[in-house]
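Paired with subunit B in one complex and with subunit C in the other, subunit A is shared by the two complexes that follow.
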Partner chain A sequence: MVVGLAIDKGKKKGEIILTNQFVNTIEGTKEEPGVSNYYNIKTTGGAMMETVKNVSNLTDNSPYYTHLKVIVIGEEVAATTNLMEITNWFLRHHELRRTIQIIIAKGKAEKILTSKLEKRTIPAVELWGMTQNIRETKKMPRFVTLGEMGIKMTDEMSFLVQSVVPLQQGLKMAGAAVISGKERKLIGWLTDEEMNWANFLVNQRKGKEGGVIKVLDEKTKKPIVYNNQNIKRKIVVSRKNGDLSFLVKVYTEGYLLEDWSLTENSFENNYIRTVEKQLTAELKKQTTSVLNKMQKKLKADVFGFRTQLRIDDYPTWKKLKTNWDTEFSKIPIEVQAEVKILEFGGKGNKLPKR
Partner chain B sequence: MSKQSQLSEQSFTGNLLSNRDMIMNRIGHNSDVVVRDFYSDAMGTQVMIIYIHCLVDKGTINNQVIRALQQGQAHTPHQSAAADQGTNPKERLQQIIQLGRMNAVRTLAECIDEILSGQTALFTEGMEEAILLGTCSWKTRSIEEPVTESVVRGPREGFVEDLETNVSLLRRRIRNPDFSMINYHIGRQTRRNLVIVYLSNITNPLLVKEVQRRIELIDIDDAPESGFIEQLIEDNPWSPFPQIQNTERIDKVIASLLEGRVAILLDGTPFVLLAPVTFPMLLQAPEDYYDRWFVGSLIRMLRYLLVIAGLFLPSLYIALVSYHQGLIPSKLAISITSSREGVPFPTIIEALLMEITIEVLREAGIRLPKPIGQAVGIVGGLVIGQSAVQAGIVSPIMVIIVSFTAISSFAIPSYSVAIAIRILRFTMMVAASVLGLYGMVLALLLICSHVVKLKSFGVNYMGAFVHSKSSDWKDTFLRLPIFMMKRRPHFLRAKNQKRQS
Partner chain C sequence: MELRQDEKITTSQAVIGIATFVLGSEIVILPRVASDAIGTPDAWISIFLGGVISTCLGVVCAKLSLRFPTSNYYEISPKLVGKPIGFLVNLIYIFSLMMTGAYQVRIQAEVVRHYLLDDTPIAFTAICFLAVSTYLVLGGMNPMFRLFELLFPLSTFVFFLVMVLCLQDFQIENFRPVLSEGVLPVLLGLKAASLPLYGFEIILFFTPIMNEPKKAVKAVVASNSITILVYVTVLVIVIGNLSSEVVRTLTWPTIEVIRSIEIPGAFFSNFELFFIVIWVIEMYTTLVVSHYFSSLGISQLFSIKIKYCYFIVIPLIYWVAFYPKNINGVFSLGDINGYIAIFISGIVPVLLLLIAKLKSWRGQNV
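Showing the complex of A and B:
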């Protein structure tokens, strides 16, 4: 039973190194400590199918993929090989589900599956659990499944993939890898800090809640933390004198859940409004900067502007679609942010009333 | 056969001695036959009584028969006057003997039949008839709670082996002139009593006629239990499903009679047959109706679930583990495979092994003497289960599945349905091991096609699930409040549909 796959580049040209992470089921019957609950088998080959078949030469358990959870693609492979070619076998074979999660590793993918975890769980299963945490944190993009990836690559749509780095002990979800829709290759990274803001720009069905915005109080310079509960994002396409431009309206509502400043008085509406204003300014600043990076540096539309344009202005879209990502980088975009504090929890001020 | 007909033609003469010879020729070789010849003062003639002493109540014979005949004159002086007037001796006997049940027979065959069932034959000089006196008495078991059909709430009385007691139990609760009985003697050698009971103002007469027809066709040496009758009159003897219900509970029989069904009572067994029956009926327990309807409905739905579990659970496990591992959630799949690691058998062998062990325990539990039975059950169940897992012969999950299935089959109120499910479970398991889920579907289709055409006394066995009459649904999966169930089950075609207003 294979729960995780890691794909790396071999030494020879075009060679693939595949690491299969098997569940060690014998562990269940043995009670001795120290028996690992997984084992990895590494094979090489020129194509995926061939590489997979080589596994049978190394173990009596032929790989069984219906319970495969994650495919980790190494940085090197993702940056140099067309991902559509590499995932072809995965999408074709009936044993592999379309719901398998794709993750791009910084550095070697194999290291992810061999990393030591304090919990002593199977790294692939642990990793799979981490990919689901979008509701808790905004510092990673929503997971991408094999099926979604197939659709997006066919559609030449750029997208974000969760990325992971191995730590001394354990793993860390570290922002996102940006995959270009045109080249179907890894073209850059977003740090987890950048991802925190990028998530406000992505229209997603799930994972609208979670994530925090932190600002410093103007007077006391103490942190104030806002916990997002819901994001509403809207893109408005406008054409003035034939010039295409976008307006992104980001609206978020949530709770004011931490405030270190002593002078705080959340019972006062005025105070809440000032904090809201501060948060709005921060949100606008940061999202604009992420947007700029995507537009100018990476030149990839991962936020779904293309979809809105297709809906609102199909003739223009038709003209631009062949080279959308480059066209996208030239279009001016304005961000309009709004933060709404719904409530402030169980404590509103710290000092007694005078 | 010729001897039989000869006997039935033989009739009594007025001569006491020849009558005596006729009877003693047939039953005289038995040591328990008592013949008493004496002069009756009351009658003024020689009389003779014949009975079998282990079947009669000696007190009755001594006090009501012999004493009355001998001392009749002293006690009832006006009787002698009547005797002198030369009235019919039969009428005189009626007045002398203080017994409720007396009737006269002319032929030897009838007479012997009654003597053998505990009556006393009385002959008087010059009378060409035998007077049969109802002196039957024998030991019967006391009325107890049925062991196989106990309830938390509800009457605790069950039928006993004695037919008369059983009929009396029914009579006492249905005070209705329409309560009808048809008597039969079953058994060429034993001539057991059998009674068909129904309510003539409710039950469809065609149904009664059909039951009568089938009973009349029985020609067998003996029917020691109502199971014989059931097997001889059921519609399809090749079906695993019971087509006639059996019960020890009085309230169940009464409820069925009031639905318009027919009960068949046989002497010598507490099990009463109820016909016709449909599958949902077999899953109804009396408590469904005694408890409030929420409870009844929920428990009934649970029972349907358990029937499904009892039929499919082991086979589903086999199919999933040996063919469709991908359908199991990953974490469960991991724990199943690790628990199966080291088990040397394929799942089907493992499952059969455990199922057979359970069946053995169950069978042995019935045969074992009661005090040991429980101990063996615990030892067998726990020790075998535990050690089989530790020895690595079966996986713990298999033990869980097999034991859950076994327990769920006990939750089915009808033991015969539970057995049918048990048999079919093995079919499903084999099908699952050969073709996986596909095989299970095929086997299920086979079972469905059989069950759909199955009938019990003209009533579709599974009809309640497909009948156009929606009122029948009120008492199928759910048990709706009593005030909503105004009509009898439609499919029984009762004469009188309304049950309450």
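Showing the complex of A and C:
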């Protein structure tokens, strides 16, 4: 029973190293100290299916992939090989489900599956659990499944994939890997801080809640933390004298859950307004800078501007379709942000009004 | 064919009989075939229009059979166009029925091999399938319709339940903009998209055995509405989940969508099992109908006792089912079957009705 796969590049040209993480199902030994509940088997080969078949030469448990949870792709493979070629076998074989999570590792993917966890759980299962945390934190993109990845690559759509780094002990979800839609290769990274803001620009179908915005209060220089409950993002396509431009409207509502300043008074609407204003300014500033990075540096439309253009202006979309990511980098985009505080928890101010 | 009153079928049995015959293997591949022919996400418009046309043709069939309330398709055509041509038409129809049955057998075997029993030879599942069909057919018409009446609501319910579960990844953007390339692709794709809707001509056999033959037109319209609803649902759900570009690249798009259903937490998955079960039932009923009526045809054409015909048909169906050597051959078998169906259930009944009208206009008593 394989629960995790790691794909790395071999030494020779075109060679793949595949690490299969098996669940150790041998009875009786699991509870004994020193016996691991998983084992890894490494094989090499030129194509995926060939590499997988080589596993049967090394163990009596031929791999069975129906319970596969995660596929970790190494940085080097993702940056040099067309991911559509790598994932082809996964999408064809009936044992693999379309709901497997894809994660891109910084560095070698193998290191992720061999990392020591303090909990002593199976790394692949631990990793799978971490991918689901989009409801808790916005510092990673929503997980991408194998099926979704196939859809995006067929449609030549750029997208974000969760990325992971090994720590001394344990793993860390570290922002996002940017996959270009045309080349279907890894072209860059977003740090987890940038990802926090990029998530406001992505069309969130699931996991609209979670994530925080932190600002330092203008007067007191003390942190104020806003907990997001809902994101609504709308793209408006406009054409003035034949020049295409986009307007992104980001609206978020949530709770004010931490405020260090002693002079706060959340029972006053005026105070809430000033905080909202600061949060809005911060949101606008940060989202614009992320958008700038995606447009100018990475040149990849991961936010779904293309879908809106296709819907609103099909003839233009047809013209720009073939080189969309390059065209996208030239189109001016304006961000409009709005933050709404709905409530502030169980405590509204530090000191009673005098 | 003379039947006692209590052996005749009710109107609802006739409706279910037609719907269950029309709905078959195509559910799993229609999204690919239709999207490929149309090229835009508007396939559902095509199938809807195709459904309207097929309903009209179904009404033609029903009207034709109402002119001959005691004779079935095999008896009508010799009466109208003379023995030799009638014989030929009947032969083609028998072959078309056997092909429909054979196609169900093969597709069923292929899908079961791909998704469920990958080490079982497909011949084995196919023979089991045929054996169960023979068992039911041997019991005659009434057990057949009673079983359909039992299975159809169940399978339709499970089908729609699974489709509702597919809604969690449904994206309406995949359909927008509607009619992006204009109306032309929709019309061009009409032929390919409407192939699975044929099969309503089976009403020509049902009218003589219905206890209220006058309701034949209503029965055709009702059963066609069911099939259109099912096919449009499949198309909308599959394209909404995958986008029309991706649907065109997958072999069994419907099952792939159902395989991606996961109730959060990944505790409940493998919903394709439910779907494949009810879908195999759906194909089984199609096979039973074609098995029974092709045996009936051979029996009436060559004056052989129908008991023997049930068994004569089995090797023929098996041979046709395993004639294609690979999966692409199977798909082209389905295409050929569709074109014969257009001829036999679209064009021939219209011609027959016209001839019947002409004859009665000329004052001949038919």
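Convention: the second predicted complex is superposed on the first by the 350 of 354 C-alpha atoms of A that agree within 3 Å, B and C clash if a C-alpha of one lies under 4 Å from a C-alpha of the other, contacts with A are read in each partner's own complex, and residues count from 1 in each chain.
Just so it is clear, contacts are C-beta pairs under 8 Å (C-beta built on N, C-alpha and C of every residue); 3 or more make two chains touch, one makes a residue touch a chain.
This is a predicted model, so every value here is computed, not measured.
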Superposed partners subunit B and subunit C on subunit A - clash or fit: fit
First, second, both or neither for A:M1, with subunit B first and subunit C second: first
Touched partner set for A:T99, first subunit B, second subunit C, both or neither: second
Partner chain in contact with A:R205 - subunit B first, subunit C second, else both or neither: second
Which of subunit B and subunit C A:I311 touches, first, second, both or neither: second
Which superposed partner A:Y64 touches (first subunit B, second subunit C, both, neither): first
Partner chain in contact with A:V23 - subunit B first, subunit C second, else both or neither: first
Subunit A-centred angle between subunit C and subunit B, computed on Cα centres after superposition, in steps of 10 °: 50
Minimum C-alpha separation between subunit B and subunit C after superposing on chain A, in Å: 5
Residues on subunit A lying within both footprints (that of subunit B and that of subunit C): 97
Interfacial residue positions of subunit A with respect to subunit B in the complex: 1, 3, 23, 25-29, 64, 66-67, 69, 95, 97, 125
List of subunit B residues in touch with subunit A within their complex: 325-326, 330-331, 333-335, 337-342, 392
Touching residues (chain side subunit A, partner subunit C) in the complex: 94, 97-99, 145, 147, 150-151, 154-155, 205, 307, 310-312, 314
Of subunit C, residues touching subunit A in the complex: 114-115, 118, 171, 173, 176-177, 180, 242-243, 245-246, 249, 256, 259-260, 262, 266, 269
